[in-house]
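Take this structure first; my questions come after.
Lettered A, B, C and D in written order, each chain numbered from 1.
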């Protein structure tokens, strides 16, 4: 446990290593957060929920940090409004790294002799920090990818594996009752619990993800101009944001490029398309005469295909499983309070840390967001 | 059929009878429409989808009305933006009544000798007009209820039946596979089709609706001040809109009043609470340590309780049933395009026209809307 | 006085005579008001400032009207927010006409035996109502001109006189000290008082107004595409509102048309251009290598040219004359509180009632507004 | 000239010396800019208007910087939108300091053998950089003063001199013709040229500025709650922004504090009030039964009082002097394009660099801005 804790803490810092100090500070859009904030917030979590409660005589690193680095935990105290995070030049990155070192050291010490009732919270803390590692990648990409100079994050960063892309094929899944939810013994989030039966009709699901080449066909066929392919809210989104392509795509001298963490490059038609919103995924599926899977279908079929490079859009709203109850107190705010207005994504992505994925994992976003490494898997019948 | 058509057309006009001419014109909020617009739009539907296609030599009443009274049918043509409907003083109410008479007469004639393939569209037209009858009531209430003079619509209009309110009791529904969707032979919407099996765990559901008195307890216990009871988006909604009570409630001289279509009155603690958003319904349920039913639970249990005065909030997102496919063309826009970002309501309300309700009917609204005659039924376990 | 009062009251109602009842109700933009509101507000003014104070035993027509028809007079009481005026279907037009008749009758009676100290207020009331007559025309034009059916207000309404347009000529005004402000004995507003000396350098001013034909040259020369011609805020206005022509201009089948109160018509190149904002007037002048006059120059030169069909843009901000003091109380809010962020217009327009113009009159609007019958007179040196 | 150039360039950098690197990056409000941007933009000015035109074989430091650091000069090229400046983590501060060194060196070389026709542009460049020095102070204060940790900029920075505050006294200025505008031989801006005569009535003007103590009296007398004291737009501003005190004031434990560049401190009742908008200054004057001076009165009286610590609000709109013509080309955008919707401030402030003030200098801001070191001087009669 101590070992895992230290590895996770270091990984967070390693993700930031290629950055210039200035990159830690900015927040170009309300949905993203400055890397500096992620570094501090994940540290605050340990301080707030574990050290201040279970470490004898623990002295907080700074009296105002609980106010500054709290996120959505309305019950803990006031919050610095999410969209002002990018205006906070202080504390400095150096001060936050000190804060991290201080808390990491105190936690390491606590973990040598941990009260058994804390185990669950520590698991949450580790998984919480891993979730922010994922967000660090997506937010860093947003920061660098919206800079007119298109700075490279890491020339060796591969946004997709070089494994051969499977040819499109559909596997058939028979009608039946399927068990949904996490049944293992390792950590999982409360939103995966409440294991239950789900009756599914027969369906077919693709073994591969939609590629850039296929998505370009949709674009060239006028996909962004045909309201009949879109949800009503999706069409409003296209018009209001003037969307004409996935995020990070740029037409330069007549040629589609995309910004990746290794720099600006040609769009590779064989790579899986990514940075498309739920609305775009659904419109593409409609255009192909198919549909997105539900999260139940995805989970039931997940042994039959390879996944893990792209969070995959589903046509399921993020809602509680039958029998789900929010845990009491501030930790109860972790998942339950977001169970409205969002759609479920399944799988994992190139930004997901090792050991932080499983087939029952439920990620969730508002349907108009593009900044995740997401993708499209199709379903029919 | 001809008879039913005429009855429906007349009912639409009857709903407007108590209005002053000025009331037909205004649109105090983007979500509502002027009564004048409802009168014209329901007429346009017949003209656009039936008369102009199936009535030999049909001459449109006015060349611009297709543009003016189209609603969400993006594929038919340009639209007058929804939020400008209340700025259109012309055509006048008298002109729209002429338009109605003209189309009703042409339709009546067509119905004497109707091509059989039109039957389905006529059913849709009738149900479409009935949906707008419901909206006429809610929009008229919004218009009058937001006027500082609180004008009476009809002193005899009862927003709830005088039948004794059932004492709160919970009925138990056993685990099992339940058939969901419309299996009868009368008209139903495409979103109720695709009949399928749904596996449900055991649960208990209340036979009565939450009353004003119970809701006042929630208010008095600080329900609107406790973020832990609310969804994250719900809490933002409360703060941004400064909501402190159901819609149409006014504290006057220390006493809660509510505007009803029969005028301003004291809040009756025994009546079912209404004009609460999904967010409020969910927060109330959380406060009571219970939850809202899913739409499947509601449908499975619906024989066990009385319903029909309030559209009832469910915790189900409005999504396609397994196997659902949008019908082709503009009529395909009817339901499918709205299957995102909305929650399902089940039942019917005092505004629902006769013969326009059934247990499989799926209504849907964004979770922050209060202007429907909705209500709260609780579930536990 | 009594006679003048009655004439003014009738003229207000006459302006509305060609309207359909529905036209009285709507408010398509926050800057305009529904005709119904103008009818009531001008009546409220008499009730609030004269009848309720000077008519013995006067009984207000309705207890809530002071709340409903108050405008900007923050010190009198609460206000119904300006942008909700168009949502008020009640009181009805008929009720407001009753209100008018009631107040007109009481006032007529009071005027037979008027306390001498009221004279000044009555002058203000008459001039106040005349200002709203002007606004009635501009707001009616906005309502009808933004209706997709382009309804005619009055086929005989001439937006410009048929007198021959003067050929462009410039008259020279010598350097000197000029007296500015109203020195006569009839009514004038406080903002014209504080007569003072203004030193002006020599300048030349055009005897004619810029015509549609000249303005079309500006448009065809790319005037709306060249940021160097515009104020910084003006350029933002052009971009944000996507302005490409004066208000009410429509290019139909390749031909410029304009909506006038007598209906849609071809743009007549010899008529004076109108419905252009200050920003457009200033950009046009810049393009011509000239400038707009200041209000002092305009007043000093006003005997040398014909004016009265168009309010004329000046390059003067609406500020107090030296020595100006706001009158005490609510009437003091009449002019002084608007002396910021607005530009002065001089002259009068086709919408101005008889006897309501003089060379010292100061009208004022925000620089981005187009809905007045305004125009451009040029100055050089 | 070379010497002056070097001193100015160094002063810009010196102002930033106390900052942490993170402070260079952020932009907490659209009206402020990141210090990094000021450092680069002032450098770009030299490169764009002088080096690229007059230095033989000059090679731009970076091909994209003209795009990134252009400000309002619409005619030079595209602009990075003003409100995205704070999202640009690259170029880094180190890169911008290199850019500065490169341009300073090239300029220094050019200045040893300068073509005479460049003199005027160099004067503008120096004064332009000095204006940004002033903005650096105000923007740094905004950045630090809006940080919840209230970091100190420089413990020795005095926001006001320790010279004794003059007791309030009014000096009388007689009626007459006064010469307005710059008549000297040193550099001045085009907006001060076009020297002309202005006729002024007699008036009295205060020799001292309004103090915090006096302003507290206004606050305690309900100044922010009385609409009769405010312009209409000012009252909307108070309500919308919920203003209850000058900027940077905080009531802590019942005691008014203010953030200054030397840290959080008690409000000193004897210091001149600052960080109040034009609206607040005008409301205060109204409350005192006095008024703000016009810019002409200020200039005519300026020998009679001490000024230089606070930019002083006037009741004059920022408009061209009689005979003013915009210079041709991009430099012509410098002043003329802002001559709308802004009010003139006169004097200078603690943030103004040495040699950058004179009695004819015209500064200008929108009336709702508080972030300048401004102040109130009163006038009567």
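Simple rule for what comes next: contacts are C-beta pairs under 8 Å (C-beta built on N, C-alpha and C of every residue); 3 or more make two chains touch, one makes a residue touch a chain.
Since the structure is predicted, the reported quantities are computational estimates derived from the model, not experimental observations.
Using mean Cα coordinates as chain centres, the one most removed from subunit B is D.
Centre-to-centre separation between subunit B and subunit D, using Cα means, comes to 56 Å.
A separation of 44 Å divides the Cα centre of subunit A from that of subunit D.
Taken residue by residue, subunit D touches two or more other chains at no position, since every residue touches fewer.
Taken as a graph of touching chains, this assembly forms a single closed ring in which every chain touches exactly two others.
Note for the complex: subunit D touches subunit C at residues 72, 74-75, 177, 196-201, 203, 227-228, 230-235, 278-279, 282, 286, 291, 294, 315-317, 319-320, 322-323, 326, 332-333, 337-341, 343, 367, 381.
Within the complex, the subunit B residues that touch subunit C are 20-28, 36, 64, 67-68, 80, 84, 86-93, 143-144, 146-149, 151.
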